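Chain naming follows the written order as A, B, C and D, and within any one chain the residues start at number 1.
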Amino acid sequence: MSGNTFGKLFTVTTFGESHGLALGAIVDGCPPGLEISEADLQEDLDRRKPGTSRYTTQRKEPDQVKILSGVFEGKTTGTPIGLLIENTDQRSKDYSNIKDQFRPAHADYTYMQKYGVRDYRGGGRSSARETAMRVAAGSIAKKYLKQVAGIEVRGYLSQLGPIKIESVDWNEVHNNPFFCPDASKVTEMEDYMKALNKEGDSVGAKITVTATGMIPGLGEPIFDRLDADLAHGLMSINAVKGVEIGAGFDSVAQKGTEHRDEITPEGFLSNNAGGVLGGISSGQDLIAHLALKPTSSLHLPGRSVNVHGEPVEVVTKGRHDPCVGIRATPIAEAMMALTLMDHLLRHRAQNGGVEHNIPVIPAQADQ
Amino acid sequence: MSGNTFGKLFTVTTFGESHGLALGAIVDGCPPGLEISEADLQEDLDRRKPGTSRYTTQRKEPDQVKILSGVFEGKTTGTPIGLLIENTDQRSKDYSNIKDQFRPAHADYTYMQKYGVRDYRGGGRSSARETAMRVAAGSIAKKYLKQVAGIEVRGYLSQLGPIKIESVDWNEVHNNPFFCPDASKVTEMEDYMKALNKEGDSVGAKITVTATGMIPGLGEPIFDRLDADLAHGLMSINAVKGVEIGAGFDSVAQKGTEHRDEITPEGFLSNNAGGVLGGISSGQDLIAHLALKPTSSLHLPGRSVNVHGEPVEVVTKGRHDPCVGIRATPIAEAMMALTLMDHLLRHRAQNGGVEHNIPVIPAQADQ
Amino acid sequence: MSGNTFGKLFTVTTFGESHGLALGAIVDGCPPGLEISEADLQEDLDRRKPGTSRYTTQRKEPDQVKILSGVFEGKTTGTPIGLLIENTDQRSKDYSNIKDQFRPAHADYTYMQKYGVRDYRGGGRSSARETAMRVAAGSIAKKYLKQVAGIEVRGYLSQLGPIKIESVDWNEVHNNPFFCPDASKVTEMEDYMKALNKEGDSVGAKITVTATGMIPGLGEPIFDRLDADLAHGLMSINAVKGVEIGAGFDSVAQKGTEHRDEITPEGFLSNNAGGVLGGISSGQDLIAHLALKPTSSLHLPGRSVNVHGEPVEVVTKGRHDPCVGIRATPIAEAMMALTLMDHLLRHRAQNGGVEHNIPVIPAQADQ
Amino acid sequence: MSGNTFGKLFTVTTFGESHGLALGAIVDGCPPGLEISEADLQEDLDRRKPGTSRYTTQRKEPDQVKILSGVFEGKTTGTPIGLLIENTDQRSKDYSNIKDQFRPAHADYTYMQKYGVRDYRGGGRSSARETAMRVAAGSIAKKYLKQVAGIEVRGYLSQLGPIKIESVDWNEVHNNPFFCPDASKVTEMEDYMKALNKEGDSVGAKITVTATGMIPGLGEPIFDRLDADLAHGLMSINAVKGVEIGAGFDSVAQKGTEHRDEITPEGFLSNNAGGVLGGISSGQDLIAHLALKPTSSLHLPGRSVNVHGEPVEVVTKGRHDPCVGIRATPIAEAMMALTLMDHLLRHRAQNGGVEHNIPVIPAQADQ
């Protein structure tokens, strides 16, 4: 029960089903004095919004967010911020045929086993539509982190199916519908997606999300480590099947002399740690990678059973993303921002924001 | 602050430094009536214990656990269970030379930045020694899960540096000092470790942990999904840099038709999901993989700085595991067991343990 | 930070200011299958609603609640329930004169010291208006408790200023605007309130709230005792300055032989405990009393200071309840219901709803 | 389940039964740098310790506390502090006769209904013995509050059965075994207790606990108000049946003009609020009163039933306090200190300890 809250001091609680009346969230614990407007939130929401390219679902979700409380004369007051997005494009009839079916790789079966009932329209609560609220709440965290702490959270697509990026140019990320930071790969991705759409199949993706301008000292060992809470946040995103910090699974085959990030007074010489040592931020860039599985809603028939345990052939009609990873970058950014915001406040509780008199090692030696 | 508690209903709170007087834990929320003894806990502790083979640290830690409360006439009473392990082998002098150094890839620097002070003896709180308490607490969860719910949590080493296992024979896991389930790889691992010890270097590892006999319905979307809480638990283990559920990062290059686990009345036809759909257990085996970085305490010198910001060459003396992953299997099992136990109770709160009238799909079609 | 959530398993998180766009709440953890409609919630909201008699504020607050999620085809689905009340009667101009003043006995000064800013319109977040959301959420808990567990939560006014009730007739509670269960006192109360209104002064009140049909075993010692959590909930209501369980402060002068509730096989012989022993419900009626201070918004001038620290004479214009206690009964019921609901789920987590084989002592011997 | 933790950022988790091997606690979230020793904790423990006068139980409980972690070279390190008191004087045989009885007004019956089993020796977990750990943990909070924030938490006995104090002289509190601040009442109390002991009966008491040197701004509306969390903490103490803040139940009959604490630039003119407005500290003294019921363990026979539901006559042998309130002052102080400490950290998280530029009103005009 009651698993719809994220964070301990900076908390986000959400509600809403794909085809219900509205989605909403309460952001509790935002410090007072932050200038914030609906336009700030809308910017990130529009990045996540479907229907913006031919490679994402053609559903129209204006995702117009309203701030209902907690902001007075343009600034946060320290009281909870109520957020609301009214649902408008609800084609419930598209889903009536799968009412009694358990679509493979969907949450249909598990929701029924858990609750004994489910709102089957568009996946109900299990729809990725709920991530709109994460993005809206994350925007508040992102703005605070940037303005107050100088921390910037950004992400990009690092792999689309078999296509891996080879370089990162932050200026490219917003120049294509894939959040791809490598301009040389965009045409390949476009061709791949066209072929995939023709097939009727879907594909997975890998997202990388980072925080620069990091502060050392964030994270609360031994259980609420920064990396552990970040893994919680990222793995809670729909379709995510894996999370790495820094070198991640490459660490398995590394030797200690290779993995350890040596230090000079000029800075860290590498960042296999991904910015976290012992569960606490080191001041290096925080780096996480996440694996997203391919969309499970397919026009190609698949075997399953229905609520009576009988075999059925499932074909998902309706409009779906052929690669959920494409729109996942803003969601991953949101979860990293929410995690960092929570830990910024938790750390501040300890010493009132007063830094200790320990020399700060620059994030990178060559900066 | 206060990050030393894991779980929401079945909670484990721990204390203790590597070279302090004792390690301890409070397990709160264990249902009454479970038969449990110190011997039950000792069994898992002995599996994690160092000094049992030439491939692990030669420190002697008897790790003798005492149950101080919560058990009466051999059974749990529903009140909190106090656990204690007194420290005995504390060679503090080994560490005095690194008192003012920030060892690369250790938590020395980040603890200092966070707290302004640290118990430098043996890594203090950041030492993997604290995982003894996770293992002790995990044993209680494991026993309850098995006896009451029929769920069995087990793990093995799936990769040691470059050496990957090729088959899983559960009967082999306890026949070698690596928790390796593939007898054909043991000699290769032994040779690899001997060479590594000679070099003075260390290496990473990959652990796989599973739960069989799973119950569908465990997990609390959207944030406290079973996989998200599991990722939190596993990523909180020292040295872990990555967590995968089911197909994990392989999902990135999979197509939807390949990834989706089709269903027949006889059972699921594959398990790319790793037993979780929409954040809720499906009844399939729960499968997670974790990447552990190579030990950072090396006899080979590395560059770093000291607390005054001056460059130093660090050589870690003392006795250390050349591969922390080797002893990590019982710890990973503990974190999965604690996560499942918490979710079993959370789910039970919802419907009082009454299952809904939904046909149960067998975990695997060929069983 | 983040103090706007009540409960651990059945959680209520609220937002909204007196003169903001809307009030809202998210009820997370409601088990699936409960029939619930907006009308169910409206019934309690209308009991709390101002403007229903000459003894309460004449503000018009229709308090029309909308259920935005978590209910499908008339029943709860186990997913979070979003609630919304749009604000309509916002006479902000009434409050502009007190923008820079700290009204005595209000939260003006403390909110400014805490947050450095406040929404001064109608008291902003500190207004009792937020209790509407408690009542709406409490209605869901009340309905579940009654239907599933047979527990009924009800309250009444037990004292209005100097006027104490002498008998309790539940059928009378709804026959007068005071929630007074003693018909013989209603005229006296009416006269008292008329005189008070003429004076321009306000007065305190005492509310009694009870749960009948109680289940033994609810409460989680040693900190989350049922009585402790109930005290938390009741003391969190605006204007409450005291909470008693059972004999309460009368226990101070009682002797042990008098206070202890003796037991026979036919039932408990008295109820000084108020239904709680050792922090766990005994099955006797749960009984709590709460003291509400007199309204602080007065037409009679009072001394205070303004935001510049200068002395000012404060006169509160606008429309206010001369006795906030009069409308507090539904709010107290809500907080008791929310507390019980949370503990019902917490207890259920332990044993799956299975009762132990211990003879149940009837609540009262003479039943 | 899992109700043995108090606090959100500064948390105390305890274990231990009256006649088990040991009592213990983990204090998590204590900021680093606080000088603390076992002697600091022992001072308060000795104030609570039984057997120090003829008016308390004659059990010998040396209550020698050990600090097992979290303190290095005399100062806290920010890691969890493990505390342990080994039990020594365990006369289990005294209690065997009540093994199958439900003593009236004890937790015997409710523990059995909740857990189906209980450690009946000395009341097990429901014994007031667990409060030793609250006192030990509270000492850490008290020291931090005093040294870092200038807040002093102190308490006294304000009523013993029918005997009310008439004046408060803090210097007297430690001059008598009752924590009585009114020297003129001590002889009367002594005579009363002698007569009571002769009778074999017990009596209730009222305790007052205060914090001076308060900081404005502590408390997190709307649910985690300072007064609500304080009520939670105080009501969680064994035998407490009522909690008041400031004027408490006297507020019921007060008029608004009487209750509201007027303000001048020189300070507040009264303190009916008890230091809390809108759930946030005002900087005035924090004042709470608590009612403790008479001890239920009596040598005078009482009617009850046994575990088979049969009528029995209960006589409690063994050594018991005739008035549990006498030793409750340090416990009440501990719970107030723990509550304040938690809120100090929570408030600090918001603004990093930076105070807003709002003029501070002195606690009292005549200071």
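Going forward, a residue touches a chain if its C-beta (ideal position, glycine included) is under 8 Å from a C-beta of that chain, and two chains touch if they have at least 3 such contacts.
Computed from a prediction, not measured in an experiment: that's the story for all the values here.
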item: Of all other chains, the one whose Cα centre sits farthest from chain A; value: D
item: Of B-C and C-D, pair with higher C-beta contact tally; value: C-D
item: Averaged-CA centre spacing for the pair chain C and chain B, given as whole angstrom; value: 45
item: Centre distance in Å when chain C and chain D are each reduced to the mean of their C-alpha atoms; value: 26
item: Contacts with two or more other chains, residues of chain D listed in rising order; value: 1-5, 8-9, 14, 29, 31-32, 78-79, 114-116, 125, 221, 345-346, 349-351
item: Of all residues in chain D, those that touch chain A in their complex; value: 8-9, 29, 31-32, 78-79, 221, 345-346, 348-354
item: Chain B residues touching chain A - in the complex, by the definition given at the top; value: 1-6, 14, 102, 104-107, 109-116, 125-126, 130, 159, 161-162, 196, 201-206, 216-225, 227-236, 238, 240-265, 269, 272-274, 276-283, 291-296, 298, 300, 302-305, 307-311, 325, 346-347, 349-351, 355-361
item: Chain B partner contacts - residues on chain D that touch it in the complex; value: 1-5, 7-11, 13-17, 20-24, 26, 28-29, 31-33, 66, 68-70, 72, 75, 77-82, 84, 114-119, 124-125, 345
